[in-house]
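Shared chain: chain A. Partners: chain B in the first complex, chain C in the second.
== the complex of A and B ==
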């Protein structure tokens, strides 16, 4: 309840700033405003609402069958903002806390097992649970608890039930912090909208604020091509279907589609004019992805199946050139460094 | 596609201001690379000598000497990491020498708690030292003789799995220290010298094969570093790549600085470890030398910025720098970046100071250890702030077209500037 009041207040405030600046705002500032108001704030608000609903559902009935619909709704909402790995989402490693993937060393099941074996009391104290390893927190820990046979056999009142409740509550807390920090009076939305003024130490110019958002657009699509699709593809000799994101919950393809939809929405919102070439390609990506009809991406193990999946990744890569033409060039920005630049 | 995008972006920008001094700046950069890889080679040879002494006469003394040589060898090498992301010749090669993290059970015996094969890696517990013959991706492998070729060409990244790290500093580190079984308590790996002893004194079996593996991995490290040091010599390809086109060279410097600061060091190596509370997420997890690895990574970034490197023999390599170039283009951005880099060094220095006083990096990773978390995350924040200033430097020097795909654009620097 508290939280939704906060975000409404913040939204009204951001609107005030928007109006105040509109008279003199240049194309870069206008693009930032469109993205903040029309893309980011709705996404953080929805994610906060959906994780709150998941938390309430979990406290009420924690078994996997009962929770799966709320889990999927929360994960869907996350896909609408996971590409915005900046400001409140990047702070305190929240994006990693919400979605620790890829888990290259299999730490999630290891961490959950250790916690269950030790009956770790942190699950009874939200403050303490916030310090637990991210391997035992967020959407992917919950995925193991709700979908993996090794973990799902628990009943109301079992330790695992409390663990699921703690993860759901922690997730909803994190989402509430993100929404509040985006929308409050001195929040990140305000910082972006006031780029280049004394109210925004973070951004020395409108171009810097826009570059940050543009980098997220490019990086989001690259991550889907390289990670969400590239990891399960592996090589022709050695496909890796079990490296698909969220295959346990059958969300691997769904996450690809939702991430591309989110990027499409961001592109359209940011673009000064209809980004025709970008939309052509991204709509083609979405059509081809839907046509795969393979929720877990298991088809990467089949020579013909993998070709179709590979084409989706190639088309996503191709969209980056279109985005540079349709959006980057007219707005005078290019991508900066991103968190995926390491190994 | 990259070519088209870049051409288009560059076309929309005003004509680039001449980068006065750029040829001298990239020459300094190449000179620092030559010196730092040269030092890495020198120290790897000293390590190799110490390893030969350990295998010839295993004792607490020879094992300790080899460990000391390893720690010293890391000092120049970590300072070269600033050359990685901007230079494809380095980036394509570095996995041979510094791949991390590793599933060390591929190489040697591990504790029962380590577990076996995983979803990601069916060879996570292969234990080559105890297994002279095995099947890898359908091929019979004869590992009776453990050679540099076997390690480099067959075992390293076996089965296309990145964490099958068979070569480089961290494989050698594991063979010298062994697993660190202290969790987030103080203490490093504690391998006994008798793991290399002959006959009945041999502990944990296969001491001769363990010695053969260590010797071969050490030889391979030396030859890999010989290759890279030569790339930066007078006729080296890596030197030519940055000096032939100084603007591409300047881009390489900034790309390396930004990608190492942000995605690699702040993200993958520091933030992830503290969020997982996992001591295996330490960069130098067997030796507990992580505080130094982070510190010298940071110093390497500073070296290429200020155009100065202090060599392993104390001599100084210096010349016209990126800092000079930036000061001429925009003194405010230069002042900001200089101050950001110095602030990072101060934060990394605090981690190093605490670790050397006995509060080791794995203790800092412990769940609920507020002091450790604050030390690490304030260094992460400093690295992120530094990256923003690097982006401003890119804008001031009008290199935007080159940055379209971050470090990826440097996979093919020729295409970028065509």
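== the complex of A and C ==
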């Protein structure tokens, strides 16, 4: 299978399916269609394009300084997609293969060091590299190679240079595969658009498909509040700034902002009408996050600084109620029953 | 709520009709609790093909149920820290008895019948004495409480009976008190010590297994029992949800230690350190756990090898189905995994609760 070409045929087909169904599509089917066509497919496409650009840049010139702009563009594109942890992104834990975080045991530097020391030949074979530890793959392995002093001192032609090229290429292959799975003829996009029809074994109703997408909206925001903000916050006595996501590349705050922007876009796209209250809160979250002006979230170590960061998380939590009112209730969907409250 | 009056009517009716069997309740193969669109909780019976064959309203959110081995009778347990359990006549939808946990105890959500269905054994938190216990109730005495025994660990959750009458108990290890955090605050995480305990049919401790110290936060919660005596257990990690720790184990009585199983790193992390339910497949050749928090099913061979994963948002309940598994989610779907997921039945507005209980195959 050729994963590198984005299937526009599939995309066109998805459009055809939509047109065929539009006449009788109810509000839930329409919401699914808006999300697939207006949110998900543009996001997977952009991520595939930006990682392809990163791959090409890396094969050209692999040094840290040369690659950082393309790296940031690829990471930005991932932030527009990471909340959609379903279908091909969920399968085989691709989400963690792309973004291995949190790395609680410091596996990434250990794994990279081991590879460099052993001069592991997997870097010269894309097929082999696709089977190395996920700690050595994806955006966070690249972050170490491009930003951490222990790894950045390499030149064109060094083993580390080949390692960076292998990670970039592997990432773009994964992204291309995800895009192709979303857009191909019988792909995940079609599965969602066909929910409730005889062709769909996965989703027996439009409600199920929409429910899945709605859950991604809610868990995406919860992840940002609990993980991206909660981890570095730690406790008042013991703040943990070094637990912030992507602080090495100075992207900790940027990732929070981009994840909220992605959720905002998903909310607006899914909502049957302008979700006024949701937008009020999420825009307030974004304004407060921008105002932190603290790329690495180092300010969590300061009592006043952490208060401001905490407020951002609290406002994100507050948006969940607004989303339930603005979007969940009119569309007849709610967050997971067991996921939030097991036993 | 059962009043004395309708209790008497029920008792009278029971004495007049011939003995009913599960066939009179539509021959369900599974029981599951769910919340419907209006917010009403109920216990449902499901056929072997997962169609709903009966429904009995419950006063609140349930956890699991114990099915009588022959009579169409199920005991629905309130969710922790509930103090009531309802004996439901699945043939006519009536609540026949309401069991009240004695002072200082509450139900833990699971139970099992023994002695041909005459004795019901319930897992309970004896919070007054800070220990786990098993309550004994006699069906032929209108479910009178006839005694209680030690569960040999704090926080007994699931309990199963092996084919030779031995009990296996998942002592979750977590102490809770109904006065603290609505009975769900975990009060002993630093010292918790979960265990798998085997008790003889007369409730003597015959064997007990503790996990290694670095896994003492792995709360053993749910059990599955193979016909040949192999016991599967599912755990819920009381640490960071991103810790990569084993969530499923296998043990056979007499073995020195349980076999703990893990999926490859990325898949393992995707479970969010939480297993909701566990079951052997219908063929008895493998077993699986679900994680509602990770929206996943992880399958393992009986030698401990990871076999594969399936994704389904909010997947929780799990039971054997044909040669594979039956799963339930919080969005009304009942799915077959064999191994690919296939929706068998989907009821909009219905949220299936934590577990599916499979009934013994009846003639």
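As a working rule, the second predicted complex is superposed on the first by the 329 of 343 C-alpha atoms of A that agree within 3 Å, B and C clash if a C-alpha of one lies under 4 Å from a C-alpha of the other, contacts with A are read in each partner's own complex, and residues count from 1 in each chain.
Convention: contacts are C-beta pairs under 8 Å (C-beta built on N, C-alpha and C of every residue); 3 or more make two chains touch, one makes a residue touch a chain.
These numbers were taken from a predicted model, which means no experiment stands behind them.
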(message) Clash or fit: chain B against chain C, after overlaying the two structures on chain A?
(response) clash
(message) In the overlaid three-chain picture, which partner chain does A:86 touch, first (chain B) or second (chain C), both, or neither?
(response) second
(message) For A:317, using the defined touch cut-off, is the partner it touches chain B, chain C, both, or neither? Pick first, second, both or neither.
(response) first
(message) In the overlaid three-chain picture, which partner chain does A:211 touch, first (chain B) or second (chain C), both, or neither?
(response) both
(request) Determine, under the contact definition given at the top, whether A:134 touches first (chain B), second (chain C), both, or neither. (result) both
(message) Is A:43 touching anything from chain B or chain C once the two structures are fitted on A? First, second, both or neither.
(response) neither
(request) Answer with first, second, both or neither: which of chain B and chain C does A:325 touch in the superposed model? (result) first
(request) Considering only touches as defined above, state whether A:96 meets chain B (first), chain C (second), both or neither. (result) both
(request) Could you let me know whether more residues of chain A are touched by chain B or by chain C? (result) B
(request) Identify which of the listed stretches of chain B (58-66, 76-84 or 184-192) has C-alpha atoms clashing with chain C after the superposition. (result) 76-84
(message) Quick check on the output: what are the common chain A residues between the chain B footprint and the chain C footprint?
(response) 93, 96-97, 100, 104, 133-135, 202, 204, 207-208, 211, 332, 336-339, 342-343
(message) Touching residues of chain A toward chain C in the complex: what are they?
(response) 86, 90-93, 95-97, 100, 102, 104, 133-135, 201-205, 207-208, 211-212, 215, 227, 332, 336-339, 342-343
(message) If we count contacts the way the header does, which residues on chain B are in touch with chain A in the complex?
(response) 1-2, 4-5, 8-9, 12, 85, 101, 103, 115, 118-120, 137, 159-160, 162-163, 258-265, 267-269, 271-272, 274-278, 280, 367-368, 387-388, 390-392, 394-395, 400-401, 403-408
(request) Flag every residue of chain A that touches chain B in the complex, lowest number first. (result) 93, 96-97, 100, 104-107, 110, 128, 131-135, 202, 204, 207-208, 211, 218, 222, 234-235, 237-238, 242-243, 317-318, 320-321, 324-325, 328-329, 332, 334-343
(request) Please give the residue numbers of chain C that touch chain A in the complex, ascending. (result) 35, 63, 79-80, 109, 221, 236, 240, 242-243, 264-267, 269-270, 274, 276, 292-293, 295, 309, 311, 313-316, 329-333, 340-343, 346, 348-349, 351-354
